[in-house]
Each structure stands twice: as structure tokens, then as C-alpha cells.
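Two complexes come next, and they have one chain in common, subunit A, joined by subunit B in the first and subunit C in the second.
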Partner chain A sequence: MEELKRFLIFSFCSEPETLGNLQWLSCYLTTIKHSELYKSVFVVLLLLAITAPVSLMFGFGGAMAARSRIWVINGFGRLYIAIVRGVPDIAFFMFFVIALDQALEWLRHHTLCPDWSDAIWQGNDFVVCPEAKMPLSAASQWVHNSYSFALAILTFSIVFGAFAANVLFGAMRAVPGAQIETADAYGMTRRQTFWRIIVPQMWVYALPGLSNLWMILIKATPLLFLLGIEDIVYWARELGGSKTAKFTSYPHGDLRMWYFLALLVFYLAFTRISEIVLDRLMARLTFGQAITGGDSQRAGKT
Partner chain B sequence: MSNTDLVISISDLHKSYGQLDVLKGVTLNAKRGEVVSLIGSSGSGKSTLLRCANLLETPQQGDIVFKGEPVAWKGAGEARRPADTSQVLRIRTNLSMVFQQFNLWSHMTILQNVMEAPHSVLGRPKEDVKMAALAYLEKVGITEKADSYPAHLSGGQQQRAAIARALCMEPEALLFDEPTSALDPELEQEVIQVIKSLAKEGRTMLIVTHDMRLAWDVSDHVVFLNKGLIEEEGAPDDVFGHPKSERLQQFLKSTLAA
Partner chain C sequence: MTCLDIIADYGLRSIGIGERLLPRKDFTLCHQITLIGSGMIWNIYFGTLALLGGFFFSMVLALGKASEHPLLRRTCNWFIFIFRGSPLFIQFFFAYFAFVSLKGTFSIFTSFTSAWLGALIVLFCNTAAYSAEIFYGALKAIPRGDIDAADAYGLSRWSRFKKIIWPTMLRLGWPAYTNEAIFLFHATTLVYFSAFPTWQQRGDALYYARYFADKTFNPFVPYPILAGYFIILTLIVIWIFGLMNQRLNRHLPQDRRISLKLRLNLIR
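What follows is the complex of A and B.
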């Protein structure tokens, strides 16, 4: 039975039926199947670690675009913010991933198989030549996983980038007018004012909104399964369900409640740690730039 | 008097916000080394005039000449704009503004505030700017606050820092918009002392103020603005000692009573 293989070798695990509770548990929690659960925790953390900075960059770009005086760029920025804000996350996730996937395959189809005569759309089916498949059918499991993971990161980043763009756009406008006018009065160009005054000052106004987004992002990670990635929640349900001796050497009743309890603790601990870190960051940012000072300057604009 | 002796020359300036005519034809000159004070009741257009001088506001009509160089305009009426951005920047860097609410950049220390524009706008080397900045901070008496943030300074200290920031631009003239109005009476004096010492040095200054004592003491020329027009102007002894127009007499009576 495959489950007998384990990623940690405990010699006593060869006959689980005879073991005491603690040893049984240590054997049970180190089966190959459980290693999938741990891997999915890692996948979630990796997703967060990549998505957060990338969405921040997208958000910054979006906010800058929405401020642009060139109307094409301005329109693009505002559209980006509006579309993603107005469409439910789930719909966007499903739509975007399929659309992107098919767009890539469509492009590859036209460059790689120019002689292909069959229609791409056959009824509701989307059929491209085998060479255009993303990834190739023959590709290893590893490539398939990486591809869907990359798509997931891109989708999360675009969605959360739009939220971040909205927050940053607001934060840029929250910088007191008097601060900007003073930069004008001292001869700074628009660009200098943006980089030297607005960007350094906006964080104080952006951080509460960004913290909020970070929490939402953490909580949104189970959406990964929509993108075909087996995430923590998937494995918790899979492993927790009751098992009879017929299928496993570790028969047990319905343990899902315990699995989900563990998940709950994981997510709660994670958000709590984030809160503490973000509070510290806020305290540091506000140290010099006391918002009260900014407010009195804004109020005093003549 | 040659043209270049005039640092700022404003003639027949009109400025309105929509229906509201704020300036209705104002002519004003500041010679090199001259201190000109602008007085007048609230809403008479003093700040607007000052802000037009360094092009923070665009007048719909009238000319502004900086050191013999007229500001180039394009468009007319509401659509009028300065035509030459580099000229605008050149004029702004030569007319340093001191604001009523100090407006120090809140994310920078005092020293960084003073060094910012000379370094990033004028492109002067950092080391030189730092030496100059420290010298100006000493001049206004807040060397020990160089590394503090604005929010941790008293109003008087902030305003003196703002004056150091203006001086560090090595401008042709300083523009003050009610520099003492936001300060408690005790703190007012420390700023007034600094302004007086600058006047003695022979700096060109345009000062909008509610402080008649200050205007009398430091000015070479006093301008009384009323409802967007100059009602009366002259040497401080004449304007304050022998006001001719009824409005100025009323204005002085009301401000002295206050």
C-alpha cells in the first residue's frame, strides 16, 4: 500500500495496528498523503510571499496610471480599478484563468500550427493542435503544477493589484494639498513632487487599507482550489474524512473537525502575527510624520 | 532706476475665481533690497496677489515681470497659462515662499527640509547644501533641532525652520504670507526678530501681514489692499501716521482696537 511509504522514517511504523496512541499519531501524520498537506501549506505561503509584493507593484502602477494626465493611460488605470472592483472575485478568477490560458494557446496555435485546418471552436469546445497545448500534454507533472501555480499567482496579483491600486490612489490623494503646493512653490516638477513628497507621505494613509487587503488575501488562499491547485482546505477535507481498514493501515473515524480546527488555528495565528508586524510598521511610519501635524497643515491651507 | 533694479514688477493684475473678482487691477513693484508690506482686511486678496507673484495662481489679465523678464503667457482669460514651464520654475526658485502654516514637509527632518529643494531642484551638491543649511539653521537659532521632525517642534521653531528653508534657496526675494498669524504671542516675537534681521540685511521681501507693528517697523513701502484694489500706499510713517482714505483709517482703527 502506498501509504506505508513515509517521508520521515520511524522504524516502528511498519505495523501501525499494534502501536500506542502517540506512536500511531506520529506514524499517521508522516504518511506520504500527509506530506501533500504540508506541501500545500508551503504552496499557500509561497503564493502569499510572491503575490503580496507583485500586487503592490501592480497597484502602484495602476494608481499612477489613474493619476496620469495622458488620457489613454488614465483611462486604463481607472478601468483596471473599476473592473476588478465591480466583478465578484470568484467570477473573475474563473474567467480570467480560462481566458488567459486559452489566449496563450490560441497564440501558440497560430504561430506553431499554421497549417491546422480544423476550427478552434468546435461547438463549445476549445481545440488547439497538440503542439500548442499549455503545457504540453507530455510535459511532466512538475511542469503542469508550476504552470497552474504561475497562473494562480498572476490572477491573484491582478485582482489584489486592483484593490491595492484603489487604496494607493486614495492614499496619494490624501496627502495634504499644502504639502504638494509647497513643493510647487519651491520649483519641484510634477514628477519630483510625486516621488519626493507624495510617495513617501502616502504610506501612512495607505497602510490601514493595505493591511486590510493583506488579511483578505490570506483568507482568499483557499480559492486556489478553483484554479486546480490542491490547497490546505482540500487536503484537510480529504485526509480528515473517515477511513476504513480496507483502504488504509490507519483506519479512523471522521476527523475532519480536527483538521479544520488545525486550519483555523493556522489562519488565526497567521493573521495575528501579521497584525503585530503591521502595527509596528505603522508606528514607525507615523513617528516623524505625525498625522496630526499633516492635518493641521491641511486645515491651514489659505 | 534701471529695469533690473526691480525684482518683481506686477502691473494691472486681474484675478477672479469664477464669478468672484478677487484682484481688479493691482500694480505693485519691489526693488532690490526693498521691504514691501501688504495689509488689508480678510478676503481683500493679499494671499492671492502673493501667490500670483510666484505663479502658484494664474492671473487672467496683467503682467508680471521678474528682474526685467516678463512672464510669457499663452491663451487668454480663464484659459490663460504660463507658456514656458522652465521660466515658471526659474521664477519660483528665485522667490521663496514662507507660509502661514509653515508647511514643512512632514516626512523629512528639519535639516532635510532645508536641504531638499536646493539639492533636488537647483541640483547643488549635497555637501555644499548641507553646510549652507546648517549655517541658516544657526542663523534662525534652531541648530539643535536639525534632526527633529517638524511635528516635534513648536510653531515658532517650525516657522523659523521654514524661513531657513526659504533662505537656503538663495532667492532674489522672500515672500511671506502672514508668517506670524498662526503663532501664540510669545512665539510670534522670535519669528519677528528673524524677519527684522533679514530686513536689516537688505533682503528683498514681500510681506503679507496682520501685524501693523511689524509692517511699520520693517517696511520701506506699505500697500493697503481693499476689495481687490490698492486703496492707499506709501512710506510706513505716512500710511500709519497720516492715513488719507477713510477705509484705511477705519481699517487701522479696527485692527488697533483688536
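What follows is the complex of A and C.
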């Protein structure tokens, strides 16, 4: 049977029917199918690792655009922040992935097959020529997987980029005016003031907002499931459902409750660790700053 | 078939009144607006009840968190951490499957597995935890002078709480609580998206929006309609909470009143 294959070998696992509880569990949790669940935990971590810096970049761009004095760029930046923040949560995720997918296929359709005569929207169907399909229907499975993963990252980044843009925009304005006036007095240009005065000093004002965003981002990762990726939620449902002895060497009842309890604990632990790390980072950043946090640190030291 | 007929057929579809079958072809704009609007009944139901119940529970939690009794404080802290520290999405899944398992042993839990009760309980606990954190912060932000003044007047502990601490706590926490309320209404869209099954296709607004997006392959109509409904709902919530905010601030001079400042969050 397939379940007898495993990624971690224990000598006693060859006949699961005869095992005691603890041994059964250790065998059960090391089957190949379970390695998919563990892999999807890494997918979540990977998503966080990629999305956080990318959306920070988007946010930085958005905040810079919203500060711009050219009205087109300014308007674009403000619109970007306003639209994403105004629309209710997951509707955005649902909408965005389909819209992005269709937009890509539409663009490819127009460049790759210009002499295609049929309409793209045929009543209720969205039809593009086969060459414009994203990804190509002949492509292998991993291309499909990584394409949907990339779309997910892009969606997350655009949404969280807008939130980060809002935080950074506020932080840039929170840098004390005296600092900027001093920079002006030294004859710095607007660009120099921005890069040398505002950007290095804004982080301490941005960090509370950004760490809040990070917490929200962690809690948003189960939405990968909605974007059609086989993530932890998918595998927890898949593996937890009751199995009869006909299909597996490890028959069990409905364990989904326990799987989701494990996910709950995973998220709680992750949140707790992030909290501790971010508190330390904040203490590091406030050190020596002319704000209440920095003052109280000094008072504590001396 | 005019639009009025469609409204008569599908206006209350989400609670099982009217046409039994959902439209299968020839979707008009009227179909989409009516059905998605009909689904909003569920969003309003979950949001309003969870908010009302959660408000009182959050007071208990906030006071418990501020209490000096270590066991009480720790229990409240844990409750708040569990519901604020994990995704609502996972909470729904866990609660649903937990109720399903419990149903096997105790038959009382049968109705807990349907969304109207089970999901409501999760939302109730969730919003109570988030609001408790807000009101706890407000409790800690009450000016010392107010409490000193109450003591100077010789108020008893209970009347000091009722006349000074509680109203001030509400007043200070109110702008953040408004955001929490809006956020909760947005979060109600997760109910039918996670584990809780829809019965006879009676779903919420997102359920119908998704139905149309799946059938027409065109997300550009149903989702903006959904967004439109939520913007209207948000405006109504802001209006109601703004009235309450005015009442809470009515004793203060204009320039010391706290105004509502909108800060929306994305996902809980």
C-alpha cells in the first residue's frame, strides 16, 4: 500500500495494525501524505518571507507616489491606497486573482494572436486563443502550481502594499518638522532631504503600524486556500477526514478537529514569537530617539 | 420578467422565502443585485448579534484583564490572546469540526454545526476578544484626575465605576470600537467561506457573489456589487456609531471631543 512508504523510517512501522497508540501515531504522522502537510507549512513561511519585503517595496513606492508633487503620480498613489483599503477584505482576494489572470490572458491574446476573429467574452465564457492561455495547457504540473503561487504572492503584495503605503506615508509625515527645516537650512534638495533625513528617521514611527501589519499578514495566510493552492487548510481537511481500512493502513475516524487544533496552536505560537521579536526590535529602534520611548529607556538606564 | 418580479422571487431567497431554484442562465444585473442584497441579510444578522453580545462580554473580559486577581486576569488574557492571535478562518474550521465531533456524543450540539448558531458563537467570542483589548486600553487611559475627583467626592466603588470609569472608558474606546464593528461586518463574509455549509443554497452576500462569478466567469460585476453593499453598510455603521459617539461626548467642550477616525483593517 502507498501509505507504507514514508519519509522517516521507523523499524516498527511495517505492520501498523499491530502497533500501540504512541507508535501508531509516530508512524501515522510520518507517511508520505503527511509530508505534504509539512511542506505546505513551509509554503506559508515562504509566502510570508517573499510577501513581506515585496509589499514593503510596494508600500514604499505607494507612499512616495502619494507624496509626489506631480499630480498624476500623486493621484495614482492616493487612489491605490484608498481603493485597496476601502474594499471589504476577502472579496478583494477573490476578485483580484481572477481579474489578474484574465488581464494577463487578454494581453497575451492581443499580442500573440492578433488575427483571432472571435470575441473574447462569448456570453458567459472567457475564451482566448490556446497560445495565450496562462500557463499553457500543455505545461507541466509544477508550472501550474508555481504560476498560481506567484499570482497569490502578487495579490498579497498589492493588498498589503497599500496598507504599508498608508503606514509609511504617515510615518514620513511624523518625522519632526524641525529636522526637515534644518535640512532645508543646509540647502539640501527635496530629494536629499527625503533620502538622508526622512527615510532613516521614519522607521521608528512606522514600526508599530508595520508590526501590526505583519500580524495581520500572518493571520491572512490561510487565505491561500481561497486562491486555489493546496495549503495547510486543504491538507488538514484532506488528511483529517475519516478513512476506512479499505484505503489506508491507518484507518481512523474524523480527526479534522485535531488537525485544526494543531494549526491553531501553530498560528498562536507564530504570533507570540513575532510579538517578542518585534518588541525587541522596537526597543532597539527607539534607543536614543527623541521620543517618549527613547526617554524612558534613558531614564531606566541611568 | 421585470425587475420587480425578480425582487419578489429572490429578495428573501437567503432566508428561504421565494423561488427555490437559483437562476441558472440569463443573469441580469437585477438578478445579481437582488440576490447579493438578499445575502446581506445574513451578514447583518451575524454582525449585529455578535456585536451586541460581544459588547457585554468584552466589558467582562476587559475588567477581568485589569483585575488584580491573578487567576481571573490570566484566564482573560489567554482568552483574548487565543482569539486575537489566530486567524478567524482557522477558528471557524476548528469550531465547526469540534462541534461535528461533539454532535456524535451529545445531541445538543446538532444545531451548533449549522452556521446560524455555530458561526455566531465564534464571531461572538472573536469580537469580544478584540473589543476587550480596545476597552482594556481605554480603561488604562482614564485620566488619574477623574478617579481622584470621584474619590474626593466619596463615591463608593460601584458608583465610581458606574458614573466615572465606565462612561469614560466607553468614550475613550469608542473610535477604535467603531473600527472593530466595521471590521466585524466585513469578517462575516468568512462564515460560509470556511467550513460552515450552506443549507439549500441560503448563503450570505459573498456566497451569491461567488455563485455569479462562477457561473458567468465575469468577476467584474458581482464583486463590485458586493463592495457597493458593504460600503453602504459601512456608512450606516459609521452613522449609528457616530450618533453614539456624540452622545458619549456631549458633556465636553467642542474642541475636546474625540472624533471618529476611520482605520480599516484587512483580515482578522
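Of note:
Rule of thumb we're sticking to: the second predicted complex is superposed on the first by the 285 of 302 C-alpha atoms of A that agree within 3 Å, B and C clash if a C-alpha of one lies under 4 Å from a C-alpha of the other, contacts with A are read in each partner's own complex, and residues count from 1 in each chain.
Here is the rule we use: a residue touches a chain if its C-beta (ideal position, glycine included) is under 8 Å from a C-beta of that chain, and two chains touch if they have at least 3 such contacts.
All values derive from a computational prediction rather than experimental measurement.
Of the two partner chains, subunit B is the only one that A:Y186 touches; subunit C does not reach it. By the touch criterion defined above, A:L56 lies against neither subunit B nor subunit C after alignment on the C-alpha atoms of chain A. Of the two partner chains, subunit C is the only one that A:I216 touches; subunit B does not reach it. By the touch criterion defined above, A:L47 reaches neither subunit B nor subunit C. The partner of subunit A that touches more of its residues, comparing subunit B with subunit C, is C. Look at A:I81: by the touch rule set out above, it reaches neither subunit B nor subunit C. In the superposition on chain A, A:I98 contacts subunit C only, with no contact to subunit B. In the superposition on chain A, none of the residues of subunit A is touched both by subunit B in one structure and by subunit C in the other.
Note for the complex: subunit A touches subunit C at residues 85-91, 94-95, 98-99, 121, 124-126, 159-160, 163, 216, 218-223, 225-226, 233, 236-237, 240, 254, 256-257, 260-261, 263-264, 267-268, 271-272.
Per the touch definition, subunit B reaches subunit A in the complex via residues 47, 54, 56, 89-90, 92-93, 96-97, 99-103, 105-109, 116-117, 120-122, 149-152, 165, 169, 177-178, 182.
Put simply, subunit C touches subunit A in their complex at residues 27, 81-82, 85-91, 93-94, 97-98, 100-101, 186-187, 189-190, 193, 206, 209-210, 213, 215-220, 223, 226-227, 230-231, 264-268. By the touch criterion given at the top, residues 178-179, 181-189, 192, 196-197, 200-201, 287-290, 292-294, 296-297, 299-302 of subunit A touch subunit B in their complex.
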